[in-house]
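Every chain is named by a letter (A, B, C and D) in the order it is written, and numbering of its residues begins at 1.
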Amino acid sequence: MDFRSDNHAGAAPEILAALAAANEGPAAAYGNDDWTAKVQERFAELFETEVQVFPVATGSAANALALSAMSPPWGVIYCHRDAHVQVDECGGPEFFTGGAKLLALEGDDGKIDAAALEGAIFGSGVVHHAQPAGVTITQASECGTLYRAEEILEIASVCRRHELGLHMDGARFANALAGLNCTPAEVTWKAGVDLLTFGATKNGCFAAEALAVFRPDLAETLAFRRKRAGHLFSKMRFLSAQLLAYLDDDLWLENARHANAMAGQLAKSLQKAGGRLAYPVEANEIFIHLPDDLAESLRKKGAQFYPWPASGSDAYRFVTAFNTREEAIQALS
Amino acid sequence: MDFRSDNHAGAAPEILAALAAANEGPAAAYGNDDWTAKVQERFAELFETEVQVFPVATGSAANALALSAMSPPWGVIYCHRDAHVQVDECGGPEFFTGGAKLLALEGDDGKIDAAALEGAIFGSGVVHHAQPAGVTITQASECGTLYRAEEILEIASVCRRHELGLHMDGARFANALAGLNCTPAEVTWKAGVDLLTFGATKNGCFAAEALAVFRPDLAETLAFRRKRAGHLFSKMRFLSAQLLAYLDDDLWLENARHANAMAGQLAKSLQKAGGRLAYPVEANEIFIHLPDDLAESLRKKGAQFYPWPASGSDAYRFVTAFNTREEAIQALS
Amino acid sequence: MDFRSDNHAGAAPEILAALAAANEGPAAAYGNDDWTAKVQERFAELFETEVQVFPVATGSAANALALSAMSPPWGVIYCHRDAHVQVDECGGPEFFTGGAKLLALEGDDGKIDAAALEGAIFGSGVVHHAQPAGVTITQASECGTLYRAEEILEIASVCRRHELGLHMDGARFANALAGLNCTPAEVTWKAGVDLLTFGATKNGCFAAEALAVFRPDLAETLAFRRKRAGHLFSKMRFLSAQLLAYLDDDLWLENARHANAMAGQLAKSLQKAGGRLAYPVEANEIFIHLPDDLAESLRKKGAQFYPWPASGSDAYRFVTAFNTREEAIQALS
Amino acid sequence: MDFRSDNHAGAAPEILAALAAANEGPAAAYGNDDWTAKVQERFAELFETEVQVFPVATGSAANALALSAMSPPWGVIYCHRDAHVQVDECGGPEFFTGGAKLLALEGDDGKIDAAALEGAIFGSGVVHHAQPAGVTITQASECGTLYRAEEILEIASVCRRHELGLHMDGARFANALAGLNCTPAEVTWKAGVDLLTFGATKNGCFAAEALAVFRPDLAETLAFRRKRAGHLFSKMRFLSAQLLAYLDDDLWLENARHANAMAGQLAKSLQKAGGRLAYPVEANEIFIHLPDDLAESLRKKGAQFYPWPASGSDAYRFVTAFNTREEAIQALS
């Protein structure tokens, strides 16, 4: 009954099996192996377009690399004020970009909106000001909400007008897709996304993420950037094998659907018991106001979850995972 | 018969088993788990002293973090001209240190010597010059040779005189220890080493290294540095579990002894067949001049190995691993 | 009648004369000259305390050096949302700090307040978050307003509680002092300021600023930082000679008093003619809403001034300087 | 009789006069003034080609900006082992480039040669290695010697073959031109130089250098780089006025010719008295071995000069300047 984070879950059995299978025999190092080649192909199929994929082991690495590819050291990257890149990566984006400025925007439900973005952009071409360079959005957002394709298109339209790159932090991309009725392509490059952090760790891998780049010009420096950041794995096949197994037979979507369904059930049950949602539950995270006695009774039943002071002194976060058991949810209702 | 790199080998079965075992149940993220706590204890036992351990997944990350802990952005770090940090990490140390200068020293058999180091140091306290900050040595060296404890002590004595930190890149630390008759402590902190990149990937892990820091003042910033470099794993237990299994029952030393023994046998057989060693074989790497027909005949027998032009047009490198089969060696003799 | 910026004014005749005088005979380079030694003494007298002074030629350099001295690359520096360091230095602070994050605070009249600052600080010691490191305030502020000693003391008190450094960007420090009834010490170190950008260029020098450091521990790295940023002048005497002449016979305060008086007269006259102040006029800058016909009539009389859209479509900025002629002000009334 | 450095000399009277003249009336800030516009024109005439000029106040700034324009953070810049950028700028190039690696080459008389350069370049396109990006040479060299146009052409030919930029550190460019029988164009862009640090400070300015860029693609980012490094002067006219006066009526060449002639006379006199040149005297610097008694007798006569231990325990450096008096030289003979 650990609802503190989907990072607390282990790996799916299919991922472990894939690791064991990939461990047969020698393989060329640093990505010159068959698994990594196949990852490129699988992503191209999945996204129905050419895409360059850079497997790494953490989402922070994928995010920081992505931002560094779209911004010069004197660039400005616009993000939501609660964005993981702004709040939870200890300045990683600033490190990888060589000093770009993250400019935090307000926005309801953890999402930035196109008009606020448009209003914040200024100074392009003027030497005194850090230069508008890119935008990053999180899917699912830090509030567990989702950007619809049309919302992304509007943001992308501002980006195009100002020649900004658009990055999506998809740490919970599978949960987002499972919550939206659309294809991977529809909420990424077709909606104007240039770079995607494709998260897999939270949803059943040991440690595997992929930076997927849809604009070839933005990919040119990434191999060097990844290497000098210490993120090029010698035994790369073990990253790639996780990603392949993650995509095989729609494991990723199955896992995400399950986590989302569990979140939905838990949210209903908590609301029924007196809780009040802080944000709509659209993926696998619940932000909810709970009466003190309800919170206490849940704890007594063995549930672990974090208080969420940013949403109020009576607010809490619950996160479900690919392996959350339905009985656990029922035991709490 | 892949002798191209120990990075081409997969993981040892014990490591895979440990990963599977660690996959039971939830665990706190970002290193707040039992495995990671145990890693700290195990390293303290192993090195017979207090030591702070930072698990990461690549040697380049451990190296760059270590150098950044001992040098300001305007520092000088002295290394051998062939050092991995100087030649093979795409400027990672410069990135992590914020611009420190690696100053390359000549030195026989891939090792720097204390007198050459002493002669190269200058400018301390003078604002015009980048400031002497640290020294890094590789154990086993890039030529497959080993630093004896007394050689390290001499280098450390220069470091102390000039207040420089001393880092050891132990990507093949197990192979080095297996080749020397000494304890881990004797060739590290007892010999004056302040920070150690403790390599495990090449010797049987999937992806696991540890930065071990013997001087507490040098460890103070490392947790932040690791995080912002994207090297703090959410599911850290899977790094730590690899390290624990690696140390259990001396697996690491068993693996290394085997690899070294295979290298010794192969070297003898190659010499007997007409090869001439470029460097003494002291760990699991062989650098050797081969007549053309010998090289060709080895290839025909299925052996894979790299030419090594840095040592001459007739030079080649062979690397053995923890799982090199004795029959493969015999088949080549 | 150029009211666009005090940067449009030339240098005071006393400064030119000092430069000519300093040009007699040879002098040791890089600050090992008598003028530079004297600058240290003069600042100690002026501020009634020990202070380390680093002359540089631009305020951006002094600011960025100051911020880099008080923040690690993973630090957070709190500033007003309109601060010059945040808006007008093209990411200089991020460059010099190696990637610190400037966190912009709202605040009336261009000033941050202690309570808002207190509310924004979080995450200290937690590895996921960039670390609170420092605060920077601008005196006179970007709105031409002044921090009273007691306001600074309150901010400093928050800084002490959270172990943050406190920097003052005194690009218009002379104008601020001339507008406040206090000594240099009272609004700097006595009020808790650790580092001061002491501006001189805008108020009558060719190009001369001084970074004054009141906390010795924050000064330790600055000589190296200044050098590697290309801001250590070989013929340093010519920077120092400007600073000495600037302080001699209270030239700096005389110049500032004149500029402030001119701003006061002009503000009155503009208000009388129908203008409405956007901010109180406390130094040498006026931010004012003007009816269209008034703005046009001023332009016809030869006045040059910038529109200030940040304060509204009918807002304008007027800046007076040490050499603004009273007749020019009268001609506009 | 100060022969310690040409940085010890003050400014030429023509430069002071120009500063005074430029001080009449207001002028737009940050380079939007007439003087700065004229500097662009004058350089285009001087170099007989389109050129973009960025005035700055120090040679270290011009050098570091130049190198940052031609190298990515993971680049390698080849230079002579004694180069000012490598030895005397406290890591400035590493700072401005974001971590590029300076690779030091041996070379007689302070000059690198094309063959040694060719031999040092490797790893292009291979992700493990820092990437060959540029070459920097010093004219006059750190040994007071000069590169002939044909030597530069050979180096440039290597650069073109490997797609490397070529920078010339012309801290003593005037002295070099005065020593060679050629035009500014012939030893710069016509010989393959892409960026030139055009030094003026040592040869009679207060503080004025210009980064001249002959390849438009390399100039694109420089305005932003200069600004965020704090090197964009608000009262830029005073930098530009120095440069204009420096070029007017060939003042720069007159000054340099005089300094070179003085060096020639002094070298002859020192040789006659028993000195032995360490390097040929081709500009305004003398590196010479002196018998102890000769050195002592020179000191007694009032001459000031530095020992030069890099060339031996009996070696010394003498530098003449634009205002070295012939009588001083004669007094020493």
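Going forward, contacts are C-beta pairs under 8 Å (C-beta built on N, C-alpha and C of every residue); 3 or more make two chains touch, one makes a residue touch a chain.
Since this is a predicted model, take the numbers as computed values, not measurements.
More C-beta pairs touch across one of B-C and B-D than the other; that pair is B-D. Averaging C-alpha coordinates per chain and comparing to chain B, the farthest chain turns out to be C. Chain C and chain D have centres, each the mean of its CA atoms, that are 33 Å apart.
In terms of their C-alpha centroids, the spacing between chain B and chain C amounts to 50 Å.
Averaging Cα coordinates per chain places chain B and chain D 42 Å apart. Contact of a single residue of chain B with at least two other chains is seen at positions 30, 73-74, 89-91, 94-95, 98-99, 127-128, 130-131, 224, 227-228, 232. Per the touch definition, chain A reaches chain C in the complex via residues 73-75, 87-91, 94-95, 97-102, 104, 127-131.
Per the touch definition, chain D reaches chain A in the complex via residues 30, 72-74, 98-99, 127-128, 130-131, 221, 223-228, 232. Residue ranges of chain B in contact with chain A, taken from their complex: 2, 4-5, 7-11, 16, 19-20, 22-30, 56-64, 89-92, 94-96, 201-202, 206-207, 224, 227-235, 238-239.
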